[in-house]
Each structure stands twice: as structure tokens, then as C-alpha cells.
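Working notes, beginning with the structure itself.
When the chains are written out, they are named A, B, C, D and E in that same order, and each has its own residue count from 1.
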Amino acid sequence: MSDALNLGIREPIYEVVEVSSSGMVSTRKINRRHLLKSSGLRPRDIRSVDPALWLTNTMPSLLVRENAILLNLGSLRAIAMQESVFIFNYNRRAGKAFIDALLPRLNPKSVHGGPVMPFELEVVEAALHSRIQRFEDKLMDLDPRVQALLEVLPNRLTAGILEQLRISKQTLVELGSKAGALKQMLFDILEDSHEIRRLCIVGRNCILSRNDDLECSVPHEKQIAEEEEEEIEMLLENYLQRCESCHNQAERLLESAREMEDSISVNLSSRRLEVSRFELLLQVGTFCVAVGALVAGIFGMNLKSYLEEHVFAFWLTAGGIIFGAVVAFFLMYSYLRARKIL
Amino acid sequence: MSDALNLGIREPIYEVVEVSSSGMVSTRKINRRHLLKSSGLRPRDIRSVDPALWLTNTMPSLLVRENAILLNLGSLRAIAMQESVFIFNYNRRAGKAFIDALLPRLNPKSVHGGPVMPFELEVVEAALHSRIQRFEDKLMDLDPRVQALLEVLPNRLTAGILEQLRISKQTLVELGSKAGALKQMLFDILEDSHEIRRLCIVGRNCILSRNDDLECSVPHEKQIAEEEEEEIEMLLENYLQRCESCHNQAERLLESAREMEDSISVNLSSRRLEVSRFELLLQVGTFCVAVGALVAGIFGMNLKSYLEEHVFAFWLTAGGIIFGAVVAFFLMYSYLRARKIL
Amino acid sequence: MSDALNLGIREPIYEVVEVSSSGMVSTRKINRRHLLKSSGLRPRDIRSVDPALWLTNTMPSLLVRENAILLNLGSLRAIAMQESVFIFNYNRRAGKAFIDALLPRLNPKSVHGGPVMPFELEVVEAALHSRIQRFEDKLMDLDPRVQALLEVLPNRLTAGILEQLRISKQTLVELGSKAGALKQMLFDILEDSHEIRRLCIVGRNCILSRNDDLECSVPHEKQIAEEEEEEIEMLLENYLQRCESCHNQAERLLESAREMEDSISVNLSSRRLEVSRFELLLQVGTFCVAVGALVAGIFGMNLKSYLEEHVFAFWLTAGGIIFGAVVAFFLMYSYLRARKIL
Amino acid sequence: MSDALNLGIREPIYEVVEVSSSGMVSTRKINRRHLLKSSGLRPRDIRSVDPALWLTNTMPSLLVRENAILLNLGSLRAIAMQESVFIFNYNRRAGKAFIDALLPRLNPKSVHGGPVMPFELEVVEAALHSRIQRFEDKLMDLDPRVQALLEVLPNRLTAGILEQLRISKQTLVELGSKAGALKQMLFDILEDSHEIRRLCIVGRNCILSRNDDLECSVPHEKQIAEEEEEEIEMLLENYLQRCESCHNQAERLLESAREMEDSISVNLSSRRLEVSRFELLLQVGTFCVAVGALVAGIFGMNLKSYLEEHVFAFWLTAGGIIFGAVVAFFLMYSYLRARKIL
Amino acid sequence: MSDALNLGIREPIYEVVEVSSSGMVSTRKINRRHLLKSSGLRPRDIRSVDPALWLTNTMPSLLVRENAILLNLGSLRAIAMQESVFIFNYNRRAGKAFIDALLPRLNPKSVHGGPVMPFELEVVEAALHSRIQRFEDKLMDLDPRVQALLEVLPNRLTAGILEQLRISKQTLVELGSKAGALKQMLFDILEDSHEIRRLCIVGRNCILSRNDDLECSVPHEKQIAEEEEEEIEMLLENYLQRCESCHNQAERLLESAREMEDSISVNLSSRRLEVSRFELLLQVGTFCVAVGALVAGIFGMNLKSYLEEHVFAFWLTAGGIIFGAVVAFFLMYSYLRARKIL
């Protein structure tokens, strides 16, 4: 990924939406080289949010760099800087939800009394909020449907309902996996106090010393940053908890659906056995009747058996056939019962 | 969730049951803004107990804030403050069980000698107690039923019993998942000594310094709080152990039920094979008889074969048919045996 | 569980076997209040060994309190005190095995040279020993039977053998789960050096200071307790290892049995397919013969076809029927082969 | 593996590609003894990259020794030294991809401003890059195919599509397992700060003291090494994240495919039941018709029943047969419905 | 297990192979009491290597005691002391492989330059080497066979090949479980620096102080022991890696085999459905033909229908029967198609 590798390749151009800290939304085209220069990021960092690498950077990540925070939350990829945020892939639903969540926060009227959070952190919170809100909405949509399926299922095993169960399961697998990945990311950040501190000093004239102590040019800033630390932790914990709830609920529904499928499978097996056993019973009957019919057929041949004129020959034969068939049937039936096949 | 987002939205009103520390129970309607003011909580905190967010805050949580403890134990959501506790969603069964568990503890006669626990902690214990008691009751109800099913099952595979197994499994999945989540929550609190300390100083004039040391305005209080710490740990450990027992027992029953289903599935498969093999045997017989019947039928056609009057033609043909059918049957039978199909 | 809750409830009376440190065995009835007083335990502690709560305290536990050690090892529940041990539920097998393991240890002749272990620790070791011995005995009984099943199974798929496999699996699930829980308990104690120290000072005039340092009234005792610490750790490690062996072996057998069941399931499926394919082949034959029989039957109707007297009509028709049936059979057969159904 | 063991064994000769730090590529044959001498490695170390031990050193590893780094990344095995890198097994695809990734980095023109990374680290990065790129390429190829399968599957259950699903699953299992192993390796290195430091000082005149402090002969080098430490961590973290993405995506696809297979299995079961039920219905019909045919056949026998000339005997019998068959059919049908078999 | 318990029991006598540090191999019978005395071990320790307890000490273990190292690596059980090693159960294959691996190491000529490792450590290395070599050999044998099965399987589903798959799976389960247990043991030792130190001082005049510091009577020995520490760690890490490779590879193959079985199961299900559907089609045909045959049979009865002499009656009836059968067939066929059963 070093520049040398890209010598012959046209510099990629990203279409981004820029939201400035004053709430101005504009669409821009920005080429990679320019993005690297303006954000002070390394080429490697861009990878984690590059929408062209859709399939290979699916893990959510939140990278804190000196002048920027890189956000990759599944379908939302953004770079938050001191004055503005670049949102890739802006026409996707996730981007819109994010902008909808971000704009009200930038409204100076709506600050809730306390000190204003830096722009970058507002971006991070809006991104997490819009993303987790999406999970919750999906779950709120899925949950009652799955519950309804689970109730109706054992008694109404139609193809359509099985198909619905299958689709719900696939959605739950995906939702659970995404929520799990996001949960893990939040958990990892919360575990890493160094990362939290770097979040605190983003956009301030502070640096972290080797032993994780803050050193700010303005003493006042240091105090603010330290106060902010706990605030950020609680914010992340809050989103972690919501994310965990989603993940847990998705897993629980998925497990219920799986257990249901297993039970259905046994249920179907048992019903097929029932059907097979009755089929077998009928086949026993059919066989006996067929043997009888064969005997009757033999006597129906246009050949002389010299019994044709015997009195009672008809009734004896007919009786013999029917009696033989019934006896054979019951013999076989009791044999099958004894062997526990029927 | 900032206020700005709620500008156009009517402030939600919660219906809560208030139990004061003196044991007075009253029903109140309280709006969100007022609740925030009276409890000193942040909007974000309320989310975790808000019953309207039923589906998305399913993870149990116990949040300790400066003046309040937020309890979300599945269907029980409450805010414990110094003088009273607000129970949301009060007409649910969980709320009632909680109040039933709480009231006797507030009875001044029943204090067990030692120092009285602060009201908030009594609330926490009552909540945990009522919640885990519910798990235990459910399990005590389920366990004998599942055991009975497991004993009766391999021999009585009726649809009704399979359905009972399925329902028990679904209940166990849910119970195991809930108990597991509660266990995890208790475990996390016990791991986090900072959180325990914050529980200790709830409702006292103490603060936690940066390095987790207690600083109280009244020296006496500090001593009490420190003594209380071990008491709280043992209390939580006790509930953790009960919760773990429930979780473990539910998992064990679930695993037994799953193994049973797998075994039933193999059992059914093997019985279906048995039935199929006998069916095949009969089909071999039927086929041979049918061929014989065809031959007999051919001789029964109203067409002249010029054998009609031959002496013994009848007996030869009839004998040939029967002999042929029997021979064909045994040839096929031994072929199938040799190929291990029968 | 506070006393207040029990105001109207009759004080429960436990039937216990008391084994004194001198080896005297006696049966007693003791009521809860008295037990609490004599052992210095809290009501909460009793819960973990109370045999009445059979289903909800299934997790094994070993609680060290100031004057007593509470043992809950599945079906063995006991309270070890300085001078005697109370065994609940004494007529169960586990209680008897425990007493059998304990009594020889109390025989003053059999001390193996070194310093005598305090009575409580002898009790703990006897309990662990009798419990794990039980697991090992069960496993020694199961292992050869499962191995024999696994060897005989693929070739002899009778209902009886499948049933034996099922029962073995259920027993292994239970054994594995119990051994796993006990292993976890031993592991947790070994991890918790504080708990080990508390085990050391049980029954001595020592206390543990805040920072886990021993403080004894008699200096000599401190030294002994410290020496005992390593001894106890090695003892617990030894039982942990035995328990882990049991757990592991049970899991391994269970996994083998599961894989076997999966393989049997595939095996049965493949054999059913084989049977079905042959059935299909026969059905093709039967269908062709039936069509031929229909034609023959039609010519056998007592209706005039004006072919009755044609020379060769019989032989042509008969030949046509048989030829048609055979041709139809081979056409269908090759069609099914081409579609890979047969 | 000591020399003594190899006394009688011919010294193995490895065919390697040597890439020098100046970018020269040459193929060499090198015998084991010589390799050990020139690299300062121990016999044991060579094992981990020896391509002859293909099957038993499948776990990826990155071993840092005093003068060399041993790389085993699945099909890529190399030894990086100060001046050159030996690539085993060079005609494999992995080796070629590695050389393609390495050569541009050695081009002195392409250094990206900052201090040049030591040759060994360039080798490590090129190896990781080429390896993970391979995973990503495979995944980019698989993902759309699996997604297409999952969409088309429930409705088009042909053997070919099932086979494609099977092959995709096998590829995903392998890919997931390899990516997981590589991820674990990167994670372990990142956890082990000692290993990172050893990576930093490779090829410098520095040693690590007991307590992990750097001691360099040239003070300037120490500073560079320390600066490099963070750089290396970020580099490894970057690859870890890419690898985690691959692993996660493979697992997610695999889980989707598994759920799909389970659903297909239930779907097939349910359809087979449907088919079986209709078969049973037909068999009921066939049985009734066969009984009717038997009766008709009996009357068709060339025996005298003395009913031959009765007027209406034909119509009565014929009507009786048909009526009887129809009634029998409906009786059986309603019986089967009542027993919920049909 | 105290002596008291063994009063009435005959002292067990072990048959062991003794290999002295000079390479002398001799077979001896040694009774338990004597073994305890000569090795300075406790009765408890012997348990972990006692071959009589075959089933209950299956977990591999490496116990370091003051004067001996107890080795239990599955089928290899040995006690390594300063001057000799006792190998239990010597006629088993594992024992022989171990002696084969050990003897060359004792050859004074083959020391590889550096300081000679103490005899006990040579024993440990030889044991690990012989054990892991065995895993690797088994895996090298299994891997190509499983790969071949996986390639041939979807197309050739014969009973023999399924049986081979089953046996391979059982072997993989066992191999994976054993390699996993050994891996865990090596990992645990490597984690426990205290244990490593005890390994270092085995057979030296050194003791470990409370805080894990070495105290040797000869200062020179302390230095050697400290240098040996890293050597031992690298040795164990090397074996850990080999063991992990085996475990991983076994797990990967097992997972592949499982996925294959699942896929086969679905494949068989789908083929059975295919067969069933064709069977159903034939049954529809057979039913229609049977109805036709019934009608023909009715007209074939020796009863007067007074249609006998009607011109064209034959052709009308015959045509009606055939037409009716064909029409009925297509009606049923289109009905089944519409219901998606066919």
C-alpha cells in the first residue's frame, strides 16, 4: 500500500459528504492524496474506512489519530476532524441516519448546560447512536415476527412459514454478528485507557507522555480533558450496554429459532414414521389381496381345470381366497407388531 | 437523546409505584423531566430502565449514580433513591414480587440485630431476591417435568410428548439466557471493586477519590462504609451463586433435552429404515405376484390361444405362474440381501 | 430470607448425622435457629447447604466462614466445625461414602508422621475424596461400555443398542456437567489466595488482616498455618487434577458418542436412500406390469371385440403386452438413470 | 532432533530463493548445516519453517531470534536476516506473491520520507501483506458467490447448487481457520511487549536487559528503536484488523451457510412428509381398488357360482364393488385424518 | 489414600523399566512403599502416574517435586529422578518410543557443544518429543486419507466410504482431544514462572525462596540455573507450538469432516425427496391403472351385463377405461404440481 505500489494506478477519488462543525452539509469529491495531506493520516489508516474495500474491512473500528478520528461502523465510514467530518458513501442509508443524528447536536441552542463537547466527540456519539439505533429498529421489527412464528409453528408447518423462519434466522445471524462486532469494539476501547485518553485530547493542545500522563500547553485544558475522560467512558459504556442488549436479544431469538427447527425436524421425522407405518400396513393388505387376485386370476384363465362344473367349487375357492388373504394379513400384522416395526 | 431531539416530542410520562423508606406504597404519574430533576440522573441513564424501550434494554444492569441506583432486572425496572424507590411498569408480576420482598425488610421490628442497611441496599437485595426467586420457582416447576419427559420419551414417541419437550426446551433456553445475563451482571459488579465502593457510599456524605479511596465528611461514616463493603460483597456473591446454580441447572437440562432429541432423531431414522426395508420386501412380493397376475390375465383374455382344451394346460400354467413368482421372489430377495439393502 | 420473612413459618428442622472429631457418629435432629447459633453462621450461608433447596443450590460450593466450613458437593452437604461435622441428608449414598472416607482419617493411629491436619481440613479432604471417587467409579463403569458400543455400533444398529447409546450419553452429560462444576469450584478456590488463607486459619486463633497478612495470637501457630498453606494448595491441586481428568474423559466419550450418532444418522440416511431407490425400481416394474394387466383385463371383459376368433390374435396381443411392458420399463429406467434418480 | 539423531541421515538440502536487501533475487540450494551456521539459528528453530514438515507446523508463527526472523505463514516460509531473506518452497504461489510485494519496498526511490525501516521489518510487512491480501482476494471471490447461493437456494434445490454450497462451505472452513490462526498469532505478538522490543532491535547493536530495557552501544540507535516500537505496533495492529475482518467475514458466511443447510434440511423433511402423505392417500385408494378387483376377479373365475344367469346380478355386484371401495376409502381416510396422520 | 486406608490391601507392585543416566536399561519390579521412599514422593503424587489408574488420570501432567519429576503424557508414565528414570507400563508402544528417543541423548559423544542439560530435563524433552512425534505421525497418516475422502465423497456415497469417514472422525476426535490436553498442559507450565524455576533447580543444590528468588549453595550454580531458564522456556514453547499445530490441524480436519457429513445429509435428503416424488408419480399412475383394471375386471365377471353382444361395447368400454385412466392421471398430476408436491 506504499505510494510506490500505486505509481501506475490512478489516484482514487472519494465522493464524500462534508459536514462542518457549524452544521453546513456539502458534497465534495476529494482525491486520496489530498485527503492524506489535509487529515495528516497515513495511507494505512485510510484503508480502514475506504468504502472500496467493502468486503475486507467489515470489522467496525474507531481509530484515534493525532488530528482525526476514523470511524468504520459497518455501512457508515467517516473521518472526523477538528472542523469537519467526511462521510464516505453518503447516499447509503447509514450515512443519512448519521447526518440526521449529527445535525441537531451542532445546533448551538441545544447544548445541555454543561461544557460543549468537542466536535469530534459529537461526531463519534452521533455515529454510534445512529448505528445502534438501526440495530434496535431492526430488532424491534424482527422480535414480534419471530415470536409470532415460534407460537404458530409447531401446528402450522407450511412451506411459507418455514421460509419465513429461515429468512428471520438469516437476518438474526447477520444482526447478531454485526452487533457482536460493534460490542467487541466498544469493549476493547473501554478496556484500553490509553485509547480513551487519546480520545480526550483530540483537538486539544495536549499530548500524552510515555506513561499515559496528560501534558497540555494550557493548564486549564488539562483539567477539562481529565473531566471529560469519565464522561466519555460513561458515554461509551452506555452504548456498549445498548449494543450488548441487541446482541444478546438477537442471539436469544436465534437460539430459540434453532431449537424450534430442531424440534420441527424431530416432529416431522416422527410424523413421517407414522405415515410410513400406515403405508406399510396398507402394503401388507395390498400384498395379501394381490395374492388372492392372482389365485382368482388363475382360475379365470381360459384353460380347463376340470373343476368348472363342480358344485360349490366356486364358493369354496372364493371363500378360500378371501379367508387366505385375511389370515395372511393377520399373520403378517402380528409378526410386524412382535418385531415392533408396526 | 439530547433534549434538542425531543423538542417536538411530548415529554413521556411514566406510571410508577413509589415505595418510601417508611414502607408507604403509592402510585404516581411522573414525567421524564421531573424524574431527571428529582433523581439527579442524566437522560442517558433513564434509558436503561425505561420500560418503553422494552426490547432494546433487555440486558440486566445495576447502575450506581451519585444519588440513585438504577435497577434493570429483566421485567423489573426501578430507580432506588435515598428516601424512596420508583418501580416502573408496576402491574407486572415482577413488580409485585419485588414489593412483596421489599416491604418486610422495611419493617423496623425485623432488623436482625446488626446495623441497619441503607434503604437503597435493601432495595437492591429485595430486587435480586425476588428476581432470582422467580428463576428458582420456574426451575423447580420445570425440572421434574423435564426429568419425567426424559424418562418416558424413548418409549412413547407421541406428538403430544414431543410437543411438551419442545415447549420445555424453549422455556429452558429463555430461562438459561436470562439467568446467564443476570449472573454475568453480578459477576461484573463483583469484579469491579470501584463499583462496589460506589454502592457503599450511596446515600452517605462520602466521595470516592481518584485512587478509589473513601473520603467522608464524618469519620464515623467512613468506617461504617468500609465495614459494609465486605457485607455487600458477600451478599452479591450469595446471589451470584444462586443465579449460577439456576443457570447451570437450566443449561444441564437443556443439554439433556438436546441429546434426547438427537437420540430420538436417530431412533426414528432407524425405525423408518426398518419399516422401509419391510416395505421393500413386500414390494418385491407384490411385483412378483403382479407379474404372475399379468400372465394369468393374459390367459384370461377372450382370445383363442388354442391351448384351451389341452389337458393339464391349466395345471401346468398355474403351477408355472406360482413357481415363477416364488422363484423370482427368492432371487430378488437374495440379491437384495447380498447387496445389504435388506 | 431474613427472620422477618419467616415469622409465620415453622422453623425447619434438619435431620443430620454428626461425626465428632473423635470419630463418634450419631444421628440428630437440629432446628435451624439452633444450628445458626451453634455454628455462628448467617441464615444466608445455610441456604447453600440446605438439602430442602435441592434444585436451586446445585452448584458445588465450599464456603469458609469464621467457625465453620460449608460443603455442598452435589448430593453431599455438610457443615464442618471445629469439633464435629454435620452431614445433611445422611441416608443418601454420598453421605455414607463420605463417612466411610472420613472415619479412618480420624483414627489417631493412622496419622502419617507429619503434623496432624485440623479436623475441618480432614473433613474437606474426605468429602472431596469421596465425591471424586464416585465420579471415577462411574466413569470406570461407563468407559468400557461406551467403548464397546462404539465398536459394535456401525454394524449392529438394533433398537436396544441405540437405546444403550442414548442412556450412556445422558449419563455422560450429567457426569461431565457435575465434574465440570466441581472442577470450576476447585479452580476458583485455588485462584483465590485469600480463600486459601482463610482455610488455613480455620480453627486457629488467627485472623487475616486487610492486606491478607496472617495475625495470630500465638506466633507458633502463624508458622504452622503458613506451612499448611502450600500443603492445602497441593491437596486441592491434586483433586483438581483428578476432577479435570474425569471431566475431560467424560467430554471425550460424549463427543465420540455424538460423532457416532451423527455418523449413524448419515449411514441410515444413505441406507434409506438405497432402499428407496430399489423401491422405486420395483414401482416402475409394477406400474408397467399393471398397465399390461389392464390391457389383458380389457381383453378379458365379457364383451365382444370381434378379435376372438382371429388366429394368432392371442399370441400377438400377449406378445405385445409383454414386449410393451418390458420396453416401457427400460425406457423409464434409463430416464431415471439419466436424471441420476436411480 | 539433536545432531546425534541425524548421524546416519543425509543432511537435508533446502531449495530457497534468496532476496538480498538490494533487491537481487537468486535461487540457491543450501544445506541445513550451512543454514544453521550462517543464520545463527538452532536446529529447533528451523523446524518451524522447514517445508518438509508441511503437515506438522501448520500454525503460523513469527519467531524473532538474535540475527534472524523466522516466518511461517501457512504456505509461505522464510528466514529474514540482516542482508537477505531465504524463501523456502519458492515455486509456490505464496512465495511469488511475497516476492512481488517485497521488491517494490526495496526500491530506494519509493521510501516514503520517514526513516527507512530495517530490511527485516520490510520483509515481515511484505509477508503479512501478501498473505492477508490472499485471504482478502479469496474472500472477495467467495462472498458474492455465497450470497448468490443463499438467495437462490430455498427455491432451487438442485444437486448442482447443493454441491456448490458444500464446496463453498469447505473453502470457508479452511479460510476461516487459517485467518483465525494468523489473527491469533498477530494478537499474541501484540500482547507480548517483550517480543515487540525484540523485533525493534533486530539488526541493531542493542540488547534487551532482563527487565526489558533497551541497551544500545550507540545512544542514537536506542532512540530510533524506541520510536520504531510504536510504528511496529501500529503496523501489526493494522494487519491484525484486516485479518480479523477476514476471519469474521468468513465465519459469518459460514454460519449463514450452515443455517441455510439446516433450513434446507427441515424444508426437505417437510416436503418429504407432504409427498409421503399423498402417497399414503393413494395407497389407501389403491388398496380399496385392489379389494374391489379381487372381488371382481373372483366372479371372473371359470367356476360356476350359479349366479351367472341372474338378472341384475352383474349390476348389483358391480355397484357393490364400486360402492364398497368408495366407502372403504372414505372410512380409512377419515380415520387417518382423525389420527392426524393425513 | 492415606496409609491407614491401605492397611488390609496388598502393597501394589509396579513393573518398571529403569533407564539410568548412563544409558543402562533394566527391568525391575518395585513396590509402592519402596518407590515412595527412594523418590521422596508422597502417596498422592504417585497417583498421577500410576498406570493402574488408567482411566482416571488421563489428563497429561508434569509435576515437579523436590527430587523427581512425574511425567504423565497419556500412555507414557514415568518418574524422572537425578540418576535414573522409571518408566511404567514399559511394554506399551509409548514407552518404547520414549526409550528410543532418550538413549541417543545420553550418549556423551552427542552433546552439542553447550553445557550438558541435567538428566531430568533430557528425560522431559525425550518424553515430549516422543509423544508429539506420535501425534504428528498419526496426523501425517490421517491427513491425506481424510483429504482423499473429502474429495471422493460427494460423488461416491457407498457404505464403505461413509464408514471410513466415520472411523477417521473418531480418530480425529481422540487425537484432537489428546493434543489439546497436552497443549493445555504445556501452556499452563509456561504461564507459571514458578513451575519453570522449579524445573530449573531440579537436581541442583538450590531452593526457591518465598518470592521466587533462587538461592543456591554454590553461586556458580545459580548462574547456570538462571541461564537455563530461558533455554527451558524456548524448549517448551517449541513443543507447545508443535502440539498446537497438531491440535489445530486435527480440529480443522474434523470440522471439514463434520461439514461434509452435514452436506451429505442434506444431499441424501434431497435425493430421497427426488426419489419419493418420482415414486409418487408412479403411484398416481398405478392408482389410475388399478381403477381401470377394476372396471375391466368387473366387465370380466362371469355375470350377465346384457351388454355382451352389443357391437362396439367392447371398444367403447376399452376406450373409456384408457381415456379415463389417462385423464385421471393428468388431473391428479396437475393438482400435485399446483400444490408444489410434485
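A few comments on the model shown:
By our rule, a contact is a pair of C-beta atoms (placed from the backbone, for glycine too) under 8 Å apart; a residue touches a chain by one contact, two chains touch by 3 or more.
Since the structure is predicted, the reported quantities are computational estimates derived from the model, not experimental observations.
Chains touching both chain A and chain D: none. The minimum number of touch steps separating chain D from chain E is 1. A rotation of 145 degrees, rounded to the nearest 5, superposes the Cα atoms of chain A on chain C. The centroid of the Cα atoms in chain A and the matching centroid in chain E are 34 Å apart. Chain C has its Cα centroid 21 Å from the Cα centroid of chain B. In chain C, the residues that reach two or more other chains under the touch definition are 159, 265, 269, 271-272, 276, 279, 283, 286, 290, 293, 297, 300-302, 305. If the chains shown are joined wherever they touch, the resulting network closes on itself as one ring, and no chain has more or fewer than two partners. Beginning with chain A and heading toward chain B, the contact ring passes through the chains as A, B, C, E, D. Here chain E touches chain C in the complex through residues 1-5, 7, 44, 47-48, 55-59, 61, 157, 159, 162-163, 165-166, 169-170, 173-174, 177, 181, 258, 261, 264-265, 268-269, 271-272, 274-276, 278-279, 282-283, 285-286, 289-290, 292-293, 296-297, 299-302, 305, 307-311, 313-315, 317-318, 321-322, 325, going by the rule given at the top. Only residues 104-105, 107, 109-110, 112, 129, 136, 139-140, 143, 150, 154, 234-235, 238, 241-242, 244-246, 248-249, 251-252, 255-256, 259-260, 262-263, 265-267, 269-273, 276-277, 279-280, 283-284, 286-287, 290-291, 293-294, 297-298, 300-306, 336, 339, 341 of chain D touch chain A when the two sit together in their complex.
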